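Structures for review follow.
One chain, chain A, links the two complexes that follow: it is found with chain B in the first and with chain C in the second.
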Partner chain A sequence: MRLLTTVITLFGVAVIVFVVIRVVPGNPIAMMLPPGATDADIARLQAQYGFDKSIFDQFLIWLSGVLQGDFGTSISLRQPVSRLVLNRLPATLELSIMALLMAVLMGGALALFGTRFRDGKTEGVVDVTAGMALSIPDFLWGLVLILLFGVLWPVFHISGRISPALNVDFTTNFYLFEAIARLRFDVMADLAAHMFMPALALAIPLAAIISQLLKQSLKETMHLDYVTLARTKGYGENHVITREALPNAILPTLTLVGVQFTFLIGGTVIIERLFSYEGLGNMAIDAVINRDLPLIQGIVILFALLFTIVNLAVDMLYVVLNPRLRHA
Partner chain B sequence: MRDARGDMRRPVGLRLWLSGGWLTLLVAGAIFAPWIAPKDPLMQDLFLGRLPPFWESGTEPGFWLGTDSLGRDVLSRMLYGARLALVVALVAGTLTCIIGAALGLIAGYYRGWPDRIISRFVDIWMAFPPVLFAILLIAVLGPGLWSIIIAIVVIDWTRFARVIRAEAMTQGAMDYVASAQVAGRKRFGTMLTEILPNVLPTIVVLLTLEMGIAVIVEAILSFVNLSISTDSPTWGGMIAEGRTSVHQAWWVLVFPLIALFLTVLSFSQLGEGLKDRFDPVLR
Partner chain C sequence: MNGFLSIRNLTVRLKNGSPILRSVSLDVAAGQVHGLVGESGAGKSMIGKAVLGTLPRALSVTGGEIWLDGTNLMSLSPTERRRRIGATAALIPQDPLTALNPSKRIGPQITRRLVDILGWSRQDAQDRALELLGEVHIPDPARVMRNYPHELSGGMRQRILIASAFAAEPRLIIADEPTTALDVTVQKQILRLIADMQTRHGTALLFVTHDLGVVSKVCDTLSVLYAGKVVEDARMHRFFMRPIHPYSAALLAATPTYTDPTGSLTPVSQAVIDGVEAEVAQHDARRAQ
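== the complex of A and B ==
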């Protein structure tokens, strides 16, 4: 059932993307040709890209291609969209996963800290920090980080994904994962130094959301009977929070992290641009600037697919982590 | 029913003063830009390129916050950039608010089939990630000021519709609405004279937050060069220029960034502050 709605959603996205793109004023073919091109040239190229058929036929051709992994040919880069997009996807995935890890660690730590020292000045500080972090979007955090760690105290790289001087031959495009697997610590350090700031910029707003919600659920859980029981058994406050309250309080946060993770992946579009990081989002902006319709379609569909997978994964994780559902 | 007079008696918090103060300053700067800007924001002079701000050595009189690589005055460009940022905030924010709030009111008060249709649209909209939506819309509409405004309205109306629908539903179930009906008021009239005033505080809060979003969206799109033409001064455009020359001339990036940062923060703090003031539970 869940899978069926997923397929319907994806189909809906495909239809919307296709229809919206076809409303585009201005002929993309005309932009590809030099000014002196004849009408015959235009017609030939239109036939080559299938623009001479009816919209419905174009959609069927395009959809059957998409299902076979053929997203057409990029107009500006003149290469298959599927290859371009899949080459860039690993970079975006690595960045997003890194950002998610940072957000969970920072947000979780902040929430635990705020709960441990609740009803005091420390909690107030935690609340204000999270509130501020949340009201500033990732784009601005990225710029602030560039000034801090790129200019004032230049410890990290402000652009690119890897130093060209390293000259490593990767077999996959998952540079970081591959470097970890091959135990190339020098490469890992270089990749991390490039990835740190964009990942942190993406992570800060999410960390704030996580800390706010997790702290709230923790505080609610702390009033429950079984937590009081653990206290009367003589367990210390740290044990009570992390071992007793946390497993129960984490579930609402998990659902939220799923939704927010898709927003974070969406945020990579502008953050990759800001840090000249060679990922899918950076390519998306170039595609919009060049009005490269097949490429835009491919990227949007891939993003939609990614979001759907994340949502499915969170649903499954929820079942695994929720003791009430595990045995049902 | 909420007592609107009660709001006024509470002391205005520091964050409302600070955020309101910055925004007032900004509006004044934007309106009077042609009179107070020290230089022409478009005037280039390559001999005056990358002048530092006034407190450093090697400056020229009149260029308070320095110049960019083409010798254009940073302060003047910021003042003119504020005009665009505020126009987008005002126009996009208001249009989103009117469309979203109207649909939310109708759905929440009339219920029945209007509610079913509007709610279904909201659900579909929310399932579509905003960034992808924005990419698609800008690709279709082409770069430009109106594209930005249309994109914001088309993407964000659900923010208002969802919240106002819920509020209108709660208000519609209250006794005073039933009394108005018994007294012979038309439904549409009741919606405007009874429901609307009571959801107005929420609308104002959402509008304030939406304006902050509009400012950042405009900055991002002009940063990636998908806003209005490149010669018009925009904060995002200045930040993009400053980003490339950050090691040679930090001030080209820092000053517009501070302005953008304070503006976005002010709108959100103003919204949150108003929310606290209007919320009867907290009062």
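== the complex of A and C ==
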């Protein structure tokens, strides 16, 4: 059932993107040819990429390719789309996961802190902080961070993913995961110094959302009878919040955080550009500028697939964390 | 002090100053059962919460003393008070469906505090939990310890909560309407069980209810609470023979379980309520002076 809806969703996304990028003006072939190319040259290339056929025919050709694992060839980079996209995916995944981790840690800490000192000035400060964090979008946070940690107090790298001087032979494109697995602390530090600002920029708005949702949920849970009972057993406020309330308060927050995480992945497009981070999002912008239709198509499908996987993972996590569903 | 738990002139107010409990005094003698009756909203639960330190944030103790085993709880720091209560007293809650943590197995919900707060070994805590679950007639305690609350019935959960309350051998238990949330068919069993456990363990019990019929079965003494004020404090025998306060008399007359099991419930008459209200107003005026 789940699989079926996923397939239908992806198909719908493919159709929409396919049509939209062919309807907006801008000829991909014209852009890749040197000035002075003849109409005949253009026509020849149009035919080579199949752009002389109807949209419907083009889609069928594309779809039959996809079903055989062939997403076409990038017009601007002249390489198979699938290889290009899969090479970039790890960079974006690492950035997103790092940002999610930061958001959960910061948002969780803020929620616990706000709950601990609830109904007072301190909670007000937490709410105002979260409100401000949320009212500034991620790319503006990126600019703020560049000013702070790139210009005023230059401790982090403002562009790229890794220092070229390091010259490490990675076997995968998951640089950070690989560095961790190989215990290369120098490489880890360099990657982290590159990733810190873009990840933080993505994390701040999500952290604000998590802090508010989780705090609300925690505060409601704190009134429940089992929390009161735990107090009469001699447990203090900190224990009661983290051990009694938190495991239950997480559940309603989880689903919404899943949705928000897909927004965060979408945010990587601009953030990667801002920090010249060589990920999927950065490639997507180039692809759009170059009207590289097969590449755009491939990237969008991959993003859509990613979102679906995230939602699936959230649903599974919900079941794992909720004993009522786990045993059902 | 007269009792193991001795409440003296306890006043609890809302943050805006309006009183919820007005100079309440009552005693629960060691090993005895003291009933606390009164209509809904009278403040019965708030007395229990004030003792256990779990008053809602909107309310606070503004006067009086709560003596537990010779120590005035109000003179302790919050942490000391919490420790003292955790080690000496326990609560049997009203609603077994909401009083167990839904994300934890039963076992740890009984044993963890024995280990964390009272410093028992894990094995001792485990053995003790099994023993007590047996005592409250839970079949196959070892399996139930691994269950989650949602896998058990309301009656089972209340038995577990009773076992958990007695686990650390507290000297005072506060039971706040422990049967009202249950099926009528299990209410009697649970009441019987609490009475049996109380006798066997010799625990002092403050039994909150609005059912005089229940009080007559299990209590040694009782306090009648009306609008946050104790209007009658008596030994059971004397109370049922010759209630002093008009509200008590009306309450008694309105209790079908005691006077006539089939009789219909006569509401407390308006005249009586007016009388009590006048008295409460007088009391307030005296305090204000």
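We take it that the second predicted complex is superposed on the first by the 322 of 328 C-alpha atoms of A that agree within 3 Å, B and C clash if a C-alpha of one lies under 4 Å from a C-alpha of the other, contacts with A are read in each partner's own complex, and residues count from 1 in each chain.
The criterion applied here is as follows: a residue touches a chain if its C-beta (ideal position, glycine included) is under 8 Å from a C-beta of that chain, and two chains touch if they have at least 3 such contacts.
What you are looking at is a predicted structure, and each value in this text was computed from that prediction instead of being measured.
*Asks:* Figure out whether A:F139 sits in contact with chain B (first) or chain C (second), or with both, or with neither.
*Replies:* first
*Asks:* After superposing on the shared chain, does chain C or chain B touch more chain A residues?
*Replies:* Greater contact footprint in residues on chain A: B.
*Asks:* Just checking: does A:I97 make contact with chain B only, chain C only, both, or neither of them? Give me first, second, both or neither.
*Replies:* neither
*Asks:* If you stack the two complexes on chain A, which partner ends up touching A:N248: first (chain B), second (chain C), both, or neither?
*Replies:* second
*Asks:* State whether A:I180 touches chain B only (first), chain C only (second), both chains, or neither.
*Replies:* So A:I180 meets neither chain B nor chain C here.
*Asks:* Pick one for A:V20: touches chain B only (first), chain C only (second), both, or neither.
*Replies:* After superposition on chain A, A:V20 lies in contact with chain B alone.
*Asks:* Thinking of the overlay built on chain A, is A:V269 touched by chain B (first), by chain C (second), by both, or by neither?
*Replies:* First partner only, chain B.
*Asks:* Looking at A:R231 after the superposition, I want to know if it touches chain B, chain C, both of them or none. Which is it: first, second, both, neither?
*Replies:* Second partner only.
*Asks:* Looking at A:I296 after the superposition, I want to know if it touches chain B, chain C, both of them or none. Which is it: first, second, both, neither?
*Replies:* So A:I296 only meets chain B here.
*Asks:* For chain A, which residues belong to both interfaces, chain B and chain C?
*Replies:* Shared contact residues on chain A: none.
*Asks:* Where on chain B does chain A make contact in their complex?
*Replies:* Interface residues on chain B, with respect to chain A: 124, 127-132, 135-140, 142-143, 212, 216, 219-220, 223-226, 239, 243, 246-247, 250, 253-254, 257, 260-261, 264-265, 268-269, 272.
*Asks:* Can you name the residues of chain A that touch chain C in the complex?
*Replies:* 119, 224-226, 228-236, 239, 244, 247-248, 321-324, 327
*Asks:* Can you name the residues of chain C that touch chain A in the complex?
*Replies:* Listed in rising order, the residues are 52-54, 57, 79, 82-83, 85-87, 89-91, 93-95, 98-104, 113, 116-117, 148, 150-151, 161.
*Asks:* Spell out the residues on chain A that touch chain B in their complex, using ranges where they run on.
*Replies:* 9, 12-13, 16-17, 20-21, 23-26, 131-132, 135-137, 139-140, 143-144, 146-147, 150-151, 158, 262-263, 266-267, 269-270, 273-274, 284-285, 287-289, 291, 293, 296, 299-300, 303-304, 307
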